[in-house]
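Okay, so chain A shows up in both of these, paired with chain B first and chain C after.
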Partner chain A sequence: MPSTMPIARAEPALFGAVAAAASALGLGIRRNLANWPIMMGRALFYLVAMLVLSALWDKVAAQRLPGTLAHLLPAGGLTLYIGVTEWIALSVAAIHLRLEDDIRFGMLEPHLLRPKSYLVQKLAEAMGDSLGRLIGIGAAAVLALVLSGRAAPSPIAFVYVAVLGIFGTAVGVLLMTLVGLSAFWVRRVLPPYLIMQKALFLLGGLFAPISLYPGWFYHAAIVTPFAATLFVAGDQALAPSLAAFGRGLAAQLVWIVLLSGLIALVWRAGLRKVLREGV
Partner chain B sequence: MNGFSTYAANVATAIRTSLMDRTNFILNSFGMVLNDVFFLVLWYMFFAGFRQVGGWGLHDVALLLGLVMVVVGISGVFFGGYRDMAATILRGEIDALLTQPKSVLARLLARESIATAWGDLAMGVWMLFTFAALSWSDLPLVVLGLVCGTTVYVSSAVVYASLAFRFAGARSFARDLTDFMLLFSSYPGSIYSGATKIAAYTLIPAGFVVLAPVAFLRAPSVSTLAIMIGSAVLYAAIAAFLFHLGLGRYRRGLVPTG
Partner chain C sequence: MAAVRVENLRKTYRYARRKPGLSGLFASEVRHIEAVGGISFAIAERERVAIIGPNGAGKSTTLKMLSGILEPSGGAAEVLGFVPWKQRRALAYGIGVVFGQRSQLWTELPARDSFALLRRIYDVDLDTFRRRQASLVERFGLGDLLDQPVQRLSLGQRMRCEIVASLLHGPALLFLDEPTIGLDITAKAAIRDFIREHAGAEGQTVVLTSHDTRDIELVCDRVIVINEGRIVVDQPTDQLRRLFLGHRLVTLRSAAPRLDIDLPGVKRRASEPHLSVFEVDTGVSRVDVVVQAALALGGIEDITIEDPPMEEVVRAIYDANSAR
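Entry: the complex of A and B
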């Protein structure tokens, strides 16, 4: 009998935590929908980004300079790839700003007294916000693809991209959470944020597939969480394959587990610092 | 005290505050240099693979990046409040400034000096005089280009931040737009044509932040000078107009809270 008591109490606690996180996720989605003018702005912003980036790659592809990597570019250009990576990059919610504010201005304390974990609630809310963005910007992306008259990828590619896009965005939110938690040590999270952004550019393949880079660079980049965020989903728009989809999904799940663990450690270390030294 | 000396005094205080925590200052500045190096490596690898885009090579992009970094550096050090202006509006922090005699916009811009901006400033100057191969004789033209580019950049950031007078979710969106303007500014000018050219010279005026100054530095003429100065005056006027329009809503209590 003694062993049943803790289990009996732990189960509702776990259920309560999950239910609270689900509520926060729903709140994030609803908040996003309520701010529909901003969502429209983001969709417009996505379309402008796509215009610029496809202009860059179309120009590079049109030149086809001898002795360059231009011959490695896919026949249809990189527009579809960039469309997917930008879709994910713009859907990652700015959780780092909320964490920076709460940590910098000493607003964590009231949350620490509450029964639900502050960090889990904020993460769930940010995931919900990201999910709302994925839907809104995704709709704009599909519309843009139809209107552009460019050849669409195969239907299965849409499925692969949708699944890997959602998990890639989750990895991105976790990376931004780490950026936000750096506010425990650096007052402004702008430098870590920009470094993370550039790492996503370079190692994640936001701007060009990492498969275009030299072999040694590709092998180094593919094992990073940045490639799991963007490249694995973008690559499916160019060359969909079940094997690559499986590998990409596995990499994303591994990174979600690893980054969650790292976030828990950083959170504890940061809290210890704040409770010991103050803000 | 006139408006300018009040502004100078506020900025001087903000700069002293940003320098107070030395460790934080060094970490931030170094972080920004690292970010800039990342960006440079990105373009270096791009041009190593593709050599040029529509006649633009690594040196041209280095000039562009150098100008962008200095513009961001100057903006962050002397007008650092632009970065968090939307959040400031949504948090209702303007209340305290409304009772003061000097311009609210100026007080908002001068309320913070961003430590990271020193890293951008240092890196930008280094790039202009090494990679972009400018000489000291180009200095007056570079300064003129930077003044105009900074005016357009800060004005556009104020326009984006003014969205917070109407929309609760404007904070991260205003930042995204400002960051995107920077990214937009760092692409070779040769890629812009048609719709992208219109966007680059209107909504996200990367064209006026750096492309117009680059055109002026490459071939100084009365027309390129007029375009550069005209755009700076126009964007400053638009920013002041939209900010004060929003401030009117704020005074009437019509602003969402975030």
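Entry: the complex of A and C
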């Protein structure tokens, strides 16, 4: 055997896989820091969006227009709700674009020649990227809240929102991963991305809580992964409660498991296609 | 012991093509394209082999099958004792791959960050990693570049980082796909020297594909020529060099409409007015002697020295082989 034969691996395979994923997660955070001008731009966009949306919702809430849902809106609370949902929406890393690049343009090959799962590494990187965004945009959100002079939610609401925000972002990353994996079969991932984005707007409650919808629509929307991404965290800014927090977290964990399984199946089918037909 | 053993390896791609006219909306015909048509060869440990051929010859398909990222349609192969397409991940610990046209580094970050992640991906222990990285970085003079984002490096600097990245886990077999493409002469020379020296010192087996005949001459002991999915020639480089690789093209732009150089081993090719192309058999006349003879004629405005295009070399090999 040559002296350079594969190095002995003392670590168990699972430990090695976790260590590699943790390293990829750290790399995702570092990449976010390296691209700090983009992060600044994202935070600025968040502030501008909040300025516009809060002015709009404050106006709607103040008018209490008859025949509309305005009477259901908690005074001032919607701005906090949108602050949370926008924070999550802007923090979900664009993993679909990276997957599309790799799959469509042959960049997958160097990754497949490595001993660790490409998909797990990419997901860990995207989560690292998302964590960086959550911290950066989260800081901008808190700063904006302080500067606006609005009443802040209770400290426990911040804890609930932070936890559900992180897990909601994880669900969002998994949804975008499914969009990215469609590149195995479609020429561009933009159409599936647009469908996913609109579903997040509508069923996730990006601009208004789904609790404002008619009952049947609310009950349909609340069981989707879109509500687990945005609404369950945003709802804690409106009416924080331990019971709702527990239900929301459970829903997010269920969706993380289900989506992970679905992603594994889709990835396996896509990989099979690539290994048979080439890139 | 053979590092690579291939027997009757075949790959046929199938693709659907829409029928013309209205019927094409509902039906398509399936076509088959044979990319590799039953090749067999073995590569011994520590051997450095070039697989060459014109575009579409089947060499990339062969490399993909040998590295495990493409399943063959038939035949068998064993690389470092593994069946590549069945044991891709296990094989990955033993091979290093460099793609000249694709980066395996995280370009927004310094190469140091990519190297650290690769250590985790390949489960290299910290001491071994530090030792290997220090030695490779010193050999390649990358010390000052490790902390710069890869996207700010020149192509030559990036390629040196790519090669270091592919060697950090100490692979026994190195696949190099066009490793010097797009590089300047100095960078090409540095990379060729390094690959030859490093592979020799570490006992690595090298499989290289390139369109640059100098890569083949200076790095490899043996050349396998593939054309239309079949092996045309499998010979030691020395033998091939004498027959086909020892030629250079010298192009002279001159004030005079036509130049003639009367030296043994120098043939004039079809040329345009004021542009004369000479094919030099370097085994008979040295290129510098030809250039001196040209300068002595006077009125030379520009000189270019090139290898004959790979397509031409392969065609010559193919023709010579067919004539036997």
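Here, the second predicted complex is superposed on the first by the 264 of 279 C-alpha atoms of A that agree within 3 Å, B and C clash if a C-alpha of one lies under 4 Å from a C-alpha of the other, contacts with A are read in each partner's own complex, and residues count from 1 in each chain.
By definition in this document, contacts are C-beta pairs under 8 Å (C-beta built on N, C-alpha and C of every residue); 3 or more make two chains touch, one makes a residue touch a chain.
The model shown is predicted, which means the values in this text are computed figures rather than measured ones.
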Partner chain(s) touched by A:L262 [first = chain B, second = chain C, both, neither]: neither
Chain B versus chain C as contact partner of A:L212, first or second or both or neither: first
First (chain B), second (chain C), both or neither touched by A:N35: both
First (chain B), second (chain C), both or neither touched by A:K198: first
Partner chain(s) touched by A:A49 [first = chain B, second = chain C, both, neither]: first
Which superposed partner A:P115 touches (first chain B, second chain C, both, neither): second
Intersection of the chain A residues that touch chain B with those that touch chain C: 31, 35
In the complex with chain C, residue positions of chain A that touch it: 1-7, 9-11, 16, 19-20, 22-24, 27, 30-31, 34-35, 106-107, 109-116, 121, 274-278
Chain A residues touching chain B - in the complex, by the definition given at the top: 31-32, 35, 37-38, 41-42, 45, 48-49, 51-52, 55-56, 59-60, 63, 65, 67-70, 90, 93-94, 97, 101, 185-188, 190-192, 194-195, 197-199, 201-202, 207-208, 212-213, 217
Chain C residues touching chain A - in the complex, by the definition given at the top: 13, 45-46, 61, 64, 67-71, 80, 85, 88-90, 92-95, 97, 99, 102-104, 106, 108-109, 113, 116-117, 119-125, 128, 149, 169-172, 202-205
Residues on chain B engaged by chain A in the complex (per definition of touch): 21, 24, 27-28, 30-32, 34-35, 38-39, 41-42, 45-46, 49-54, 83, 87, 114-116, 119, 163, 166-173, 175-177, 179-180, 184, 187-188, 190-193, 195-196, 199-200, 203-204
